[in-house]
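Only one structure is covered here, and it is reproduced in the block below.
A, B and C label the chains in the order they appear, each numbered from 1.
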Amino acid sequence: MGANGTAGDAAIVMRGVTKIFGPDPEAALKLMRAGRSKAEVQAETGHVVGLDNVSLDIARGQIYVVMGLSGSGKSTLIRHVNRLIDPTAGEIVVNGEKVLDMTMAQLRDFRRTRIAMVFQKFGLLPHRSVIDNVAYGLEVRGMGRAARLEKAAHWIEVVGLSGYEKSRPRQLSGGQQQRVGLARALAMDTDILLMDEAFSALDPLIRSGMQEQLLDLQSSLNKTILFITHDFDEALKIGNRIAVLKDGAVQQVGKPEEIVLNPGNAHIEEFVRDVNKARAIHVRTVMEEGAFEPCELTVPADARCEDVLPHFASHEWVGVVDGEGRQIGRVRARQVIKALARYVPSNGPSNGQG
Amino acid sequence: MFPELIDTRPLRRAVDDGLNWVVRNWGGELEAAAYPLLMLLNWIERLLIATPWWLFIAFFVGLSWLATRGWRLPLVVFLSLIFLGLMQLWRDAMVTTALMIAATLTAIVVSIPVGVWMSRSWRVRQIVTPVLDLMQTLPSFVYLIPAVMIFGPGKIPALLATIVYASPPLVRLTDLGLRNVDPAVMEASRAFGTSPSQRLFGVQIPLALPTILAGINQTTMMALAMVVIASMIGAGGLGYQVLQGIGRLEVSRGLFAGLGIVVLAIVFDRITQAYGRRIQERIGVGEVR
Amino acid sequence: MLKKSGGAAAAIRVAIFSAGAIGAGLAVAASTPASAQGAALCGTDRTIDIAEMGWPSAAALAHIHALILEHGYGCSAEIVAGDTVPTAASMTARGTPALAPELWTSSVEEAWKKGIADGIVVELGDAITDGTVEGWFIPRYVQEANPELTTAEAVIARPDLFPDAEDATKGRLYSCPPGWACELSTSALYEAFDMGSKGWNLFSPGSGGALDASIARAFTRDEPILFYYWGPTSILGKYDAVQLDLGPVKPDVYACNTDTDCADAPGVTAYPSSPAVIGVAAWLPKEAPAVAEYMAKAGLTNAQISTLLVYGDENKADAAETARNFLKTEEALWTSWVPAEVADKVRAALN
């Protein structure tokens, strides 16, 4: 339950979640507990280790991004939260409820009322119209026809698909179909939203637009969103907190900028290398904190490094001010350059000092 | 050739005696069990025979027009049915049609649930698949003669034989269609909290419908294919006309009756396919343009 | 130009010559006995196709003849499918198949007699030497319960005793599959007795198997059944049925009954003891006289045929097996049909 900057207790807690695929996962699990490595277990038993002792805390009201390449286990992980997949070991608690202890009936109720999901391949019902698709979750819940269609119409408008209510999914483009998927999940009015590589199947420009729309909606809805992606840029853009997964194990958890500035290992460093750090890192992360003498030129606290770079041509120091105009720190070129430089472990933490 | 390792005669005697035992002791119960089928068939047959020929033709021409909204299929149906009448095959055609409809309806009622069951359970599929293979490949007379001994010759064994032969395609295609529903859609449906029956009726069956309809079409055609064999155990109709043609060496009789069977096949095949397409379009699972 | 025509003419000459040579060669081959010993006995190189008809005794006979011809006479014998009407029609029209071991000529009499007159077919003798039985039968237990049921008329008066399974208000008479001679004769009698208006249905089982199965079913369940049947057969051997009196035999009436072209109304008559003959295509006695001589002797009595059939039934043997068993166990019988050397060859081949 973390000091991570956002209020509220954890919405989703995962402890020691391990998933092994194969006919006899228990046996393979024993081997792993005895200390064998993943590769050894896989070679000996022919079973695949999907998740390896994953523990995460996802706080309420934030967008939590789990990032990893294919095969990292992220899709498996997200499916544990609503128990589309059962773990071999571990515990999953959602809003205080133990998901693994639920009966099928309780689980169905859970899925109908407390958690909604958006899928990479959209998962729309091809034989129903857009509005019926958006209303699907409500229909499953048992809501009456008039009520659910009204709700669905509202959310169709929110995602910007007004006019397409009667169309069939196959008549829409990929981006439009995913918006239907999003509307369907939002219409459920759940606290928690699971998004499984929701924008990965879309064109870059469309993807960008959807990311903006998600952030926009989140500012008014304040849901707890667990977002899976393989795109580091996407993670940086939308995530309040990022967990990096590799081969089923958590590599690093932290705020986007923490990961960019201090990649935990070589694997993460590879991702970080390709990131536009100038945009990713905020000025306040690298500045010298303190009042100091007021500088000639100031930038707001939420400015990014790329905003401040041009100023160094004519000023040595640039001040950073908060919302009221008080100077809270200052920054100069050397600090920014260090932050933008490629991370080498021997450099020590590049957090702005020095 | 192959060395005689065991004497098969006691085995064969045992099978024959077993059959006699069943005929003697269980004949009545089995006949009673099959009675509802016979009632269904008789009812359909009486209905068809009582229908005036022009009404029958008008009905099917109308049906085919509604299915396709074109003029081609109704014309084909019209000419085909007129052919039956001109060749004085009308009554026989009605008897055969009744048999085919009764068999197809029963096959549908039995096969689709079995197909659904198979699609949900690997174990059931393993057990049912060899049974289906047997039903399709075992020569009909092997089980027909015992059927005649148990039920008596005529409509019941003919109906049973037709159902046995015509059901496997529908079972297989139902199973196939349900299993091949887009897994992404099924997963999404599960994630929103559907129960298995909600998934079955709301997602699987609608999306498997094209395949299931193909199965129904196949079943209809195979029911017609059994017509001659059915007549060899006393079913009557066009098959019996063909049999007479063969037996008495009246080639023309056999030929025209055979064409009559072809005619029925065309009419029912085209109409069921056309309706299949319409249903698919309405539900929205038709082919992508 | 000249060259071309010359070449063409030469080509034509070569072609004619070759054709002639081949033709002559064939003729030579056909007319002189081949060097193989067996063919000498047979007398002909032509394949002797034997009709195997749909009922057990005829089928067994077909296989018996095939075995003797192949192994004993060294002929090339082939078994083909057949039935009374199609086989008779084929033989009288085209002279094939070459042999019908048990041909019931009563219903194909006209065509058959004409075939003989025209020299296309020949009757070598009786297949069943002491006459055949044909008629309408009911189970003995039905007659014991209703002693008055001895004649056809008596039974016709009581359709209620033989209810049709599909229409309990009417009685049912089991006739023969189409293509069998008896189908024509039984249908004619049905009409002649006007059974349709007396509350009866005429039922054609569609196949020999279905007829036998229906009869077996009724007897196994002690149920009443009115059916046509003939002997010698294993059904009559196995089940205790009594024949109904159909009155005197009227050959003219019967002939018209079974002639599809006859315009007169069908009449009542008992079934004449139908000749079941050994019919052959005319070329057989001419080209293979030894074979024809054997055929002419190869008749069996009712009792002998029954034994054949009983063996087949009890031992679940098919026609080929029944034939082999016959040849192994009834040597005294068949060796009287063939010369000694043929008999030896057959014996050797069986062992």
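Methods note: a residue touches a chain if its C-beta (ideal position, glycine included) is under 8 Å from a C-beta of that chain, and two chains touch if they have at least 3 such contacts.
In this text the structure is predicted, and so the values were computed from the model without any measurement.
By number of C-beta pairs in contact, which chain pair leads?
B-C
Find the chain most remote from chain A, comparing centres computed as mean CA coordinates.
Computed centres place C farthest from chain A.
In whole angstrom, what separates the CA-based centres of chain B and chain C?
36
Distance from the CA centroid of chain A to that of chain B, rounded to the nearest Å?
Chain centroid spacing, chain A to chain B, equals 55 Å.
Take the average of all CA coordinates in chain A, do the same for chain C, and state the distance between these two points in whole angstrom.
87
Using the touch definition from the top, list the residues of chain B that touch chain A in their complex.
Per the stated touch rule, the residues are 182, 184-185, 187-195, 198, 202-203, 206-207, 283-285, 288.
Along chain C, where are the residues that touch chain B in the complex?
Answer in residue numbers: 83, 85-86, 89, 165-166, 177-180, 183, 203-207, 209-211, 213-214, 216-217, 220-221, 315-316.
Provide the residue numbers of chain B that touch chain C in the complex, in ascending order.
8-9, 12-13, 16, 20, 23-24, 27, 38, 42, 141, 144-146, 148-150, 152-155, 231-235, 240, 243-244, 246-249
Would you tell me which residues of chain A are touching chain B in their complex?
82, 84, 107-113, 116-117, 119, 121-128, 136-137, 140-141, 168, 170, 181, 184, 188, 194
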